[in-house]
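Would you mind keeping the following structure in view while I ask a few things?
Lettered A, B, C, D and E in written order, each chain numbered from 1.
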Amino acid sequence: MHPVLLIAIPLLVAFIIPLFKKYGPSIALGALALNTGISIALFSVVYSTGTVHEIIAGFAPPIGIFLAVDSLSALLAMIINLFALINFMAIGKASEYKFSMLYLLAVAGSTGIVITGDIFNMFVFFEITAVASYALVASRKDKKSMEGAIKYMILGSLGSIFILIGIALIYSQLKSLNIYDIASRISTMDAKIKWASVAMLLTGIGVEAEIFPLNGWVPDAYQGASGGVASLLSFGPSKAAIYAIARIMLVIFPLQKVYYLVLTIGVITLLIGELAALKQENVKRMLAYSSIGQMGLITIAIAMGMNEKNAILAIFFLMVSHASSKASLFLLSDSSGMGSAATKYTGIVSVLGIVGMPPFAGFWGKWYLLMAAINGNMLWVIVLIFFSGIVEAAYFARYLHRYYGNEESFSRLTKYSMAVLATMSLIFGLLPLIYEMGLKTLFGMGGV
Amino acid sequence: MKAIELLGKGEEMNGRAYVKIDKSELEEAIKTLKENGYNHFVMLSCIDWLDDGEFELVYHLWSYEEREHVMLSVRVARDGESMPSMHELFPQIETYEREIHEMYGIKFEGNPRLTPFFLEGWRDMPPMRKDFDSRKFTKDVFGNISTIEEEEDEGI
Amino acid sequence: MDVSAIMIKSAVVIAYAFIGTFIGLLFLGVGRKIVARVHNRVGPPFYQGFIDVAKLLSKKTNISHGWIFDLALLFSISGILLAFAFLPVGGIKLLSTDGDAFLVLYLLAIPALGFALGAGASGNPNAGIGVMRALVMMLSYELPFVITMIALMIYYDTTSIARIVELQSVNGISSWAIFIPPFMLAAAVADMALQGMLMEQPFDIPVAPHEIASGPMVEFGGKYLGTLMLYKAISIVVETTLFVDFFLGGGVIMHGGIVANIANFIVWFVLIFIVFTLSLLINTAFPRFRIEQAFTFYWKYEAILATVALIWVYWMVI
Amino acid sequence: MRYEEWSGIARKASKRSLWMVHFCTGCGAIEMPPVMTSRYDMERFGIASMATPRQADVLLITGYLTVKTLKRVVQVYEQMQSPKYVIALGSCTMNGGMYWDSYNTIKRLDKYIPVDIYVAGCMPRPEGIMNAFLKLMKLIDEGKARGWERYKKYYERYKKNQEMAFNFVKKEEKEEEKNEGD
Amino acid sequence: MLDIILAEILVAAIITFFVGRKLAAIIAMAVSILPLIALLDWASLYGFNIIHLGIEKSISIPIAGVSLNLAITPLGWFFALMIIPLFPAIMLFSYSFYKKNDGFYPFMLLALLSSIGIIMAKDMLTFFLFWEMMSWSSFLLVYRSRDKEAVMSYFIFSSLSAFLIFLGILIIYQQNASLLLSSINIESNAYGVVAIISLIAGFAIKSVLMPLHAWAPYVYSKSDEPFVAFLAGGLSKLGYYGMFLILFILAGAKVLETYFTNLSPNYILAVFGALSAFIATLIAFMQDDMRKLLAYSSIGQLGYIAIGFGIGTPLAVSGALFQAFNHAFFKAVLFLAAGAVAYRTGKWKISELGGVGYRMPFTFMATLFAIFTLAAIPITSGFAAKWLLYESAIDAKYIFVAPIMLIAGVGAFLYSFRILYGVFLGENRYPNIKEAPKSMVAAMFILVMPLLIFLIFPGYMLDMMHDALISGNIATLNHNAFVIETSLASYNTIAVIVALMIALIPAILIYKTRKHRVVDFMDNYLAGELPELYDNKISMHAASRFYKPIEEIIGPYFEPGTMSYYMAIYRGLKAISDAVRKIYTGKAGDYAIYVTLFLLIIMGWFIWM
């Protein structure tokens, strides 16, 4: 089973659905289930053999499209599809066929970004996810979601332009689109153009990856979107974008200067995200700011990933913990609180997961991140992480206190799927899966 | 005397103004005196004229500016005629009225606390009235409480 | 510690307990005589203490408020006798080698806590307020007393009273603590604290008869009051001996056999009598303080003096 | 509990240490300071004034008693611990004194609580009070001050008298009528 | 065997979620006895061979790729003796305390598991993991109280403590590149000192040392009593376990001494302990809510242990460990008693309670004994502990710490009497309440049992901590079962007990020979007033605002309270957060400018740097 199926199936099904309008959601569900199966199979293959390289349509790498599935991308692909499946069940059958079409497109796009080895191909998938998520955010059709969607679209399109320019600059010099090929010949590029392309790419993808100055759209988009869409955004596109940054940073431009810049950006994003969330009364905006903070944390991990093996492990754990906890919290934020046992369980488990309490993946994420930080003896980074940790504890304690016990209106399926999403962080925190995956060489050739 | 000018009637009796007032004008009189400096309510006393069948209630007021003492005297029938209570004007009147109610039996409408004051468990007629024979009462009550002598056979 | 040694030791302790009670009751009567003399009155006979206790113990009916109320009776006598057993009396180390100053300090607290429980169980509001004042008094006079005690301990580098008495009687009277400059100040402070401990006039706030009907003792009568009188008597002896042991060398002037013991006993007796009379004279001179005044007196003025003495000793020692 | 079995020492001790609770109901209280202070000094005989009836042996009534005060005096007397004695000062306690015809003062204290010693005088002088104490001490010594035993023996009669005084009962028969009445 | 025990606790924790109230309590009780058996079995290692089941001494648990390895150490064993026995008693107590099973037992069992983990941790990863597990399982128990201050303050303070400890661990890890506790030696450079101080501060938050204690009064007074009995009794001891580990086993105290040549920081720890004991006691007796009073009294008593660790001499440390042992038990009993009283009367305020002791004699007896140990009455084990501490203060000539410590001891009488009089004695305002249920009374008496043993034989306690002291390379005192000798003086419990027996004879003689009559409550001297005239409504309660006179003198000094400083910081943070939120203006145009600006900045940065 060729990894390209992961992209092909959702795209194909997305365009078949309009024919069977009534059965749209159930078809989409089937496609997602299939997709999850494949991604789990792919994960086990990568788990046993290491990175997987596939070519599409018979052309050799420099010309043909080339898929490189390494350990992190296999994990992310599995998470995106698995969580998308559960999330879709949580959203339930009520959504009409147009919604499931967009949903499938977004899933296909973000999976594509993660597993492709070709820059231009990555750009195409960026466009697909971006367009799909604009429409998804606007799916609630009220004033707030319209406003959020528009802001997201403006910034998203600005970002895509920069990505395109960046890729064009690289192509003009090296005449190739394959990431690894570029990586090996990057030094031959003229310095000025090289730096320009890095800046362009970083900014472009940064918009989608919610890095500090570029995440203006995040609070409004997440507030506007419905719970299901917000949780999709939290584990789908943003994770893929952060992965793309990791790939550019660690594969194409493994240079010290870039490393310092991304580190400082990460720290600023973390502080801004956490502090902004402290005063925020509206739940969705608060969770959005907290996602910005978590993204900052992952960026720090990526920046340290350059020369610290622990940091790579930290990226794995943080990605999983943030995806699972944030997804369930966004689903929960649709109603006014945690009434029944299942929602109470979800709320408490996801908060403990994000704050980084032991059996959950978040704890290992923080542990390895800080181990890496102390190896690079960056004491000031540690202190700032601790400070933001305390601020995070403050607003999550207030969140837990305010929303405990109020009544809520969830169907049984939604409640249980939320609980499963939250338990994911616990499962990955206990099983040694991620640890082994983390030890494998990352990004195939030229990786760490 | 200033009080006599104020109320228009009454005469001076060994240095004090003595004014006879009817029950209805009483409140009016006290109010005017109070506004014009007689702000110290000395006491409320009651005399039992048994033979002409009336109680005489005397309201004593004192003014610090003029250093004058005025006595407003009101005549009330003995057979249980009631009096309006003046405690809104001077709070301490309430206690005086309570005592007079207990000792003479005059009812004061509006007085919130006409409960027993000095005498606990008293079931006879108000003791200060002239027609109450204290000596006979003592003989009846305390007279027949027998002393407890030591029975001789016990011996010390 | 073979059995015979224990037997002798407990016999000595029991003997001294009786002596202590006897002297205590004697002091009660004599105390009232001295106060009466100051008032230019004849005053009761010196054996009045014995008569009062005999009368109280021979009362026909004794009112009690339950088993917690009786606790007061048990605690008071046993606590004060225990404290007395752990004090060197006139140079004779009863049990004071087995315990030290802190033990005695806390043993003195047992009777106080026993009263508090008994008074509390009697349910009388006067008793509650009385006990509150007694505990606040204890808190207030303990601070200066404890500071002077620590000054002594640091100076003699021991916490056992027996050792302190030994070190003070190395060469007779001249080596008494009171003649060392900082300890003169400390002795004055400790004497005022002693005034509070003995509940003499300026500080008899807890048992004030006029304000709170003799405080904790409101519901005590008959044998309960008799026991309290015994406690009061013995506590006079104990507290004055404590003061004498700390500052006046425990009355030890000679070392050696029986003669020395008798001499030391007499000196000890004279010393505690002087200290007791001093506190009585202060008693007659002062009206009763309010509890706030007593608290500020001890915690502001006395504590400062005591700390000065402590620092002075500390500076001398290091 | 016969008086004689009571050992001699106890009697001697209680004689020489009388503790007094002092119920100043009338004008006798002013006589007490000279008794306590240096001129007459009752402490010579071991007499001291105590704050609560629980601690006292002697109840000193120093003046006329209205019915209302009698209720409190009876309560204090019952709270004292036996053996207890009562000394009544002044003529008001004997026969009502100048209040002989007043409607609410009791005429003879003896009818309500057992009185060991009456001290005549419209307020006796301190010497009188001192004599009373000395007489009481002599009585105790001879074992004649037995008021508290009388109270225990004739308790119901004392109680009945007290009830009649408290409710100003006119006549015994009136009482029966009252019973049928209500 | 050990793995079965731990697995059972975990499984029980999960089962008790779904099981009925009574069954959950029974399971919890049964499971919490298992570690106790393990403790007794390991006792044979340290000279007390009681039972021999051959339970393994160490175990390693694989989790997420790494393995947590646990092993019993002498210090761990001694602290386990303080903490583990609390659990069966608390479960027994809560058998009849809770009306419905809403999540108390599972989290208590998780807390039990994590405290075992902390005590037996061999390396710092395991230690920190179980430390965090402890903080969130106890947080969820505090969370049940639904009170805003308690929930927020507990969560923030425990995450602050966790981060401080993590900082210390990181620096130590950086210095000797291994997490194993046995192979650590902290260099005495600036980093080492920062690590030690942050570790001690982290542990001090959990063991409520004065400036970091702000959360305790809120949490102790709002969450339910059985949990607070563990929180005050057990959890604070884990803080001191960590401190002992850092200061003595990893020779932190020596590092601090060598680094700060002139002023030894141990003295500062002793001073903090003394202040904590003194100020907490003064605040304690002004409280009206019984649980707040017990909270401040717990802060005060824990201050003594900090003094002991601060002075650091063998005398001081053994005194501190003895005091820790006593405090674990008598504080648990006091909170359980408060729970029993609240269970029956539904009230906590002393001004509303009164005379409960007449109708609940057993609860009163348990409280009375616990209070005697708290107030260090001579023959109780409380006195032996405090005696050692006083001796060490005098021996080390700490002239500032010694008087304050002694006054705090005397101050303990004041608030202990306030509880006895205000709640149990005084006017009987609850004449018809019944005694607490049997299971509650049994739980209290189980916790009183250990204090009884060490009442007569303080020497045994010194034997038990013998190995722990040696592992912390501290000398031990020469003692036998009854007598403790120190350079300054000696304390012989047998002499005290025998003398007490002798002294009791006259008291019993007087008590027995003269008969006495028990009188009912209303027959009291009320200056002759007759209660019947006021139809028995005379209030005889004198316990509300009991220490009013000195409250007005001392009160103003403690007016603002440390929590107000923390609240100021919190408001400052909120102001910053407000400023930060301003950046997100909400207009798409600004965001676009931000993006382009960002691009220009990083391009400039790349090209010119």
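Everything below uses one rule, namely that a residue touches a chain if its C-beta (ideal position, glycine included) is under 8 Å from a C-beta of that chain, and two chains touch if they have at least 3 such contacts.
Every value quoted in this text rests on a predicted model; they were computed, and no experiment measured them.
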_Hopping along touching chains only, can you work out the least number of steps from chain C to chain E?_
1
*Centre-most chain, if every chain is reduced to its averaged C-alpha atoms*: E
*Using each chain's Cα centroid, which is most distant from the centroid of chain B?*
A
_Farthest chain from chain D, going by mean C-alpha coordinates, please._
A
*Could you tell me which pair, B-D or C-D, is linked by more C-beta pairs in contact?*
C-D
*Euclidean distance of C-alpha centroids - chain C vs chain D, Å*: 39
*asked:* Rounded to a whole Å, what is the gap between the Cα centroids of chain A and chain C?
replied: 79
*Distance from the CA centroid of chain A to that of chain D, rounded to the nearest Å?*
98
*How many angstrom between the C-alpha centroids of chain D and chain B?*
36
*Spell out, as numbers or ranges, the residues of chain D touching 2 or more other chains.*
52, 54, 71, 79
*Could you check chain B for residues that touch two or more other chains and list them?*
120
_Show the residues in chain A shared as contacts by 2 or more other chains, in ascending order._
none
*What are the touching chain pairs in this one?*
A-E, B-D, C-D, C-E, D-E
*Show which residues of chain E lie in contact with chain A when the two form their complex.*
62-66, 125, 128-130, 132-133, 135-136, 140, 143, 146, 148, 151-152, 155-156, 159-160, 163, 166-167, 170-171, 173-174, 570, 573-574, 576-578, 580-581, 583-584, 586, 588, 590-592, 594-599, 602-603, 605-607, 609
*Tell me, which parts of chain D touch chain E in their complex?*
23, 52-54, 71-73, 75-76, 79
*Contact residues on chain A for chain E in the complex?*
150-151, 154-155, 158-159, 162, 192, 195-196, 198-200, 202-203, 206-207, 213-214, 216-217, 219-220, 257-258, 261, 272, 275-280, 348, 352, 355-359, 361, 363-364, 367, 370-371, 373-375, 377, 382-383, 386, 389-391, 393-394, 396-398, 400-401, 404-405, 428-432, 434-436, 438
_Residues on chain D engaged by chain C in the complex (per definition of touch)_ = 1, 6-7, 9-10, 12-14, 16-17, 19, 37-38, 41, 43-46, 50-52, 54-55, 57, 79, 81-83
*chain B partner contacts - residues on chain D that touch it in the complex*: 67-68, 71, 96, 100-104, 106-108, 110-111, 114, 143-144, 146, 150, 153-154, 157-158, 161, 164-172
